[in-house]
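Same chain, two partners: chain A is paired with chain B first, then with chain C.
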Partner chain A sequence: MNELVFFINKALISGLVIGSVYALGAIGVTLIFGILRFAHFAHADLMTVGAFVSYVLMALMAAAGFSAPVPLAFLAMFPAMVITALLAIWLDKTFYKPFRDRGSNPVIIVMASLGVTLMLQGLVRLFGGTRARSMYIGENKDIYRIPFPGAKRDLILTEPQLLLIIFTIIAVITLAVFLSRSRLGKAMRAVSDNPDLAQITGINTKHVVWTTWVIGGTLAAAAGTMLSLDVVLKPDLSFGLLLPIFAAVIVGGIGQPYGAIAGGMLIGFSETFAVFNWAVLLRPFRDSFPDWFELPTKIAFVPTEYKLAVPFFILILVLIYRPTGIFKGKVM
Partner chain B sequence: MSELQPIIQLTDIHAGYGGMNILNGVEFSLNPGQIGVIVGPNGAGKSTTLKAMFGMLHCSQGSIIFDGQDITNKPPETLAELGMAFVPQENNVFQTLSVQENLEMGAYTRRDDYSHLIEQVYEIFPALREKRNQDAGELSGGQRQMVAIGRALMIEPKFILLDEPTAGLSPLFMSEVFDRIIAVNKTGVTVAMVEQNAKQALGFAHKGYVLAGGRNRFTDTGAALLADPDVAKSFLGG
Partner chain C sequence: MSGSIFQKYARDFMLAGGLFVLILLILMLQGSAYTSRMLVEAACYAIIALGLTIQWGYAGLFNIGIMGFIAAGSFMFMFVSFPVNERFWNSAGPGMLVEPIVTLLIGVALIVAVRKLRMIPGWLRTPLTVIIFATTYLLVTAGIDPAAKVIESEAGFIGGFGLPVFVGWAAAGIIAGLIAWFAGRICLGLRSDYLAIATLGIAQIIKTFLKNADWLTNGTLTVSPLPWPVPKPIDGNFTEARSIYLALTAAFVIIIYMLLERAYHAPWGRMMRAIRDNEEAASSMGKDVNKRRLEIFVLGCILMGLGGAMLITFTGLFDPSGFIDLNHTFLIWVMVILGGTGNNRGAILGAILVYIIWVMSEPLALSLFDLVRVYGLDWFGWQAPGDLDSRALQMRVFVIGLTITLVLRFAPEGMLPERIRQD
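Moving on, here comes the complex of A and B:
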């Protein structure tokens, strides 16, 4: 039983947590691709920026003597989401829209987003420095230990992890309702489906583009903040996230928001399953193995240092065997 | 029809793609409530004329007046607001949206309650009612065409432009679509359409335009064009 609890803690909960972060990022990237037809490389940096905005607001709240039953940074996250959404709209207006209006090749806009990546990373370092920061000032990270029947170990879940999982569930449901029920959500699907027809139908593309950036920006800021709450806030947070997020988008089917969620979870779980020490789960059955078989102390598909190779591997498999992704997306 | 003002009037239109002119002085006009059919050989500029009317390409010369307003080179969004609707020949439905959602998108510019219009579309195209929750991409070619026309009707247009609405349809569906178009016209909507099946379409057209080489070759009532031996010989296959 202890081994099972260890598996749940190390593989299932971690997978769910990192999968949620990837999913929240991938939703934005896939919607931006569906509507604006380019791969937004600066998306992971919106996460870093969003987390930094949360950090600054949290520090201000702490200085003002605020206290709350949830981490202050979690409260700061909501205004930070708004600020990040506005930043995303501004970035689009300043750096991407001029190219679109000129009818530039999408590759040029992708390059522009690469430039925005470098700019945002530079700005974060310029104002935030290069060191890692804790998202807690004068607060403690709550850790829930839930007793598991028949096991000596407890299930361990931190407060930020719980908040992240709850937030992701609410965000996904809200997004699903928005896309299937609201006028603007349906218009987003229409523009993604057939931009020319959307234009002659009189759908206001400007509003759709804004909505896309608002959804992408808010979810990125939330994911960045809650990931930083769970670990630490680093200026290079985005580096490790960009590839898995793009893998999630492609695996899920480009332009498919539900695919992005599925892809994010798939990549998240694959990462934690790949580095999990499966020997632990086999240990209780040690006695039933034949004598010539000695259970190694560690059985993992890849060493932890190579975790980043997992999304690459899945990406290659998907591109070979199902290039449209799980949910039949657009082919790049 | 004495001194009635035309709802749409194209005068000496020159337009094309990327500097190459396809239209070299096209004239076109319809009175309110008429059906105008544009026929002609491939490359004559039929579809281009419709696209020029709907602001989808730049007119280098000439003017387009719709309902008393100069709409030359106005973008399509503006024209939709003025009461013009365009049904393209291909990719004319949102494939991943349901039939009902396609109609709702057609009404995107409306802020009022349009449920009675959806009901009206289902009355004109009863086949769509039972398919309302199905993705438009799963429908047959004829049904898709009905969704496309239904979508265009949602703004209660004064003027609807149809680009080869029967392209790729079997003769049975073709007559069905023509019947529906006549039914739409009976509700007072002016119709301009490009049609390959010239004989059938000219049969119910109030006005017919035969284009060739980006210019008007013959213009008359549909019936007169059908009776004209010159038109028959060169454009209607004898």
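Moving on, here comes the complex of A and C:
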């Protein structure tokens, strides 16, 4: 039973946590890809910027002697989401819209987004330094230990993990209601399906574009903040996120928000399962193996250093066998 | 088009002349050892930039994994040309490596057989490939792990084969081309964004592998000194040795430039541009779009691998953690789009100019932030953070990003635009 608890702690919960982060990032990227038709490479850095804004607000609140039952950074996350959304709209207006208006090839916009990536990275490190920071000042990270029947170990869940999972569920439900019920949400789906037709029917494309950036920016800020709450805030947070998020988008099908969630979870779980030491789970059955079979101490599909190869491998498989992704997205 | 050759190429001459004056100025200010080092590195970057300009300028391929191809080429050069490590060959390592290598070869042969043999029914191919792939992977990793431990403890790392430098450079190009061939086979049929994502991933994986496979690459312990194709500097007389090296790299740049120009004006180059400008039209004229793209992608990556190998040969140090996206991917993009997309002279001149600015910008940024530190304390009593110097260098990241967006927006054709032949 101890081994099962170990499996749940190390594989299921961490898979769920990192999968939620990927999913929140991938929703934004897939909407931008579907509606504005370009791969937004600066998205992971938008997450870092969002996390840094949260950090600054949190530090201000802590300096003002504010205290709350949840981590301060979680409270700071909500204004940070608004700020990041505004930043995203400004970035679009300044750096991407001129190319769209000129009718440039989407590749040029992708390249512009690489330029924006570098600028955001440079600014974050210029003002935030290069060291890692804790998102807690004078607070402790709460850890919940839930006893598991028949096992000596407890299930372990930290407060940020719980908040992240709850936030992801609420965000996904809100997004689903928004996309299927509201006028603007329906307009977004219409533009994603056929931009020309949508414009002819009188949909205000400007509002649709703004909404896309608002959704992308808020979710990016939330994902970045909660990931750094769970681990630490690093200026190169975005480094390991970009590839898994794009893999999640393509696996889920471009332009499909539900696909992005499924893709994010798939990538998250694949990563943790690939590096998980499966020998632990086999250990209880040690005595029932034949004599010639010696159980190795470590059975993992991929060494931890090569975690990055997992999303890439899944991406390649999807590109070969099903370029539309699971949810039949666009192929561009 | 009329007028003398000077009128026709006025921009080229002005740019080259300006660069020449700039180099002379640096020569006077910084001395010949410094200038020759800078020029050699700029020439190596020019080769890499030529590789990118044919991918992007001739065929519109969006490669942001240049760093990976440079790293792969550099490793291959080290592996082929670094002196033989006797301790490895006398240890148990070589014997232990035979089994995984043979397994790998058998696995690859079986996969190729499954994909090509006609007698295997189509529905069976995919499951068979997956099974063979998984088994090979498990067997090879299971065989490599103990061998790696033995090698690391007994011999450090495998070492090289001690072959001549030019063989190593050729191997560098070949390995980069091979990787490009695999990547291109999968991604070139899709929209260019996919190629961007895939190349980004490949670059990261290659770097991770080189950093962690200590038994093969010596990992973060780095490998030096690497052999030179020309006599090494003796008694600190850098200028002479570096000048000979510079002559060699310059010869490479000129030969590659001439070959590429020929290809550009040949029917092959015309076909490439036709594909880039209108894919549908070209394919309806019977051109095999994906195959042509694969050709140019592989060719470009070969140049990147070669340029990367020449670069690390010159510095004499193979350090897997030294390959970073900023220096080895985005800097080269700036060189190409600033120099002029689709113009080989633009790529070379852009590479030299951008590299000079890049080298100069480091002391510039540091002294600028030193001023900030001094005056911040004097005027506002502002205590600068301790890591100000490392932050100052981040300014360069910002500037590279800004340059990319500004050039794309206000001068999308670069300094030397592509010449459209009008006749």
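Keep this in mind: the second predicted complex is superposed on the first by the 332 of 332 C-alpha atoms of A that agree within 3 Å, B and C clash if a C-alpha of one lies under 4 Å from a C-alpha of the other, contacts with A are read in each partner's own complex, and residues count from 1 in each chain.
Quick note on the criterion: a residue touches a chain if its C-beta (ideal position, glycine included) is under 8 Å from a C-beta of that chain, and two chains touch if they have at least 3 such contacts.
Note that the structure is a prediction, hence the values are computed from the model and not measured.
Trainee: Is A:Ile32 in contact with chain B, with chain C, with both, or with neither (first, second, both, neither)?
Mentor: A:Ile32 sits against neither chain B nor chain C.
Trainee: When the two structures are overlaid on chain A, which partner does A:Gly129 contact: first (chain B), second (chain C), both, or neither?
Mentor: In the superposed model, A:Gly129 contacts chain C only, not chain B.
Trainee: Using the touch criterion from the header, give the chain among chain B and chain C with more contacted residues in chain A.
Mentor: Comparing chain B with chain C, the partner touching more chain A residues is C.
Trainee: Determine, under the contact definition given at the top, whether A:Gly202 touches first (chain B), second (chain C), both, or neither.
Mentor: So A:Gly202 only meets chain B here.
Trainee: Applying the document's definition of touch, where does A:Val17 land relative to chain B and chain C: first, second, both, or neither?
Mentor: Neither partner.
Trainee: Could you say whether A:Leu118 touches chain B, chain C, both of them, or neither, answering first, second, both or neither?
Mentor: Touch status of A:Leu118: second partner only.
Trainee: Would you sort A:Ala190 into first (chain B), second (chain C), both or neither based on which partner it touches?
Mentor: first
Trainee: Output check: A:Ala260 vs chain B and chain C. Expected answer is one of first, second, both, neither. What do you get?
Mentor: neither
Trainee: Figure out whether A:Tyr306 sits in contact with chain B (first) or chain C (second), or with both, or with neither.
Mentor: second
Trainee: Within the complex, which stretch of chain B touches chain A?
Mentor: These residues of chain B touch chain A: 54, 56, 76-77, 80-81, 86, 88, 91-97, 101, 104-106, 108-109, 151, 155.
Trainee: Mind listing the chain C positions that touch chain A in their complex?
Mentor: Checking each residue of chain C against chain A gives 60, 62, 64, 126, 186-187, 190-194, 196-198, 200-202, 204-205, 208-209, 211-212, 326, 330, 333, 337, 385, 387, 390-391, 394-405, 408-409, 412.
Trainee: Once bound in the complex, which stretches of chain A touch chain B?
Mentor: These residues of chain A touch chain B: 183, 186-187, 189-190, 193-194, 196-204.
Trainee: Per the contact definition, I'd like the list of chain A residues that touch chain C in the complex.
Mentor: These residues of chain A touch chain C: 38-39, 41, 95, 98-99, 105-108, 110-112, 114-123, 125-126, 129-131, 242-243, 246-247, 250, 303, 305-306, 308-309, 311-312, 315-316, 319-321, 323, 331-332.
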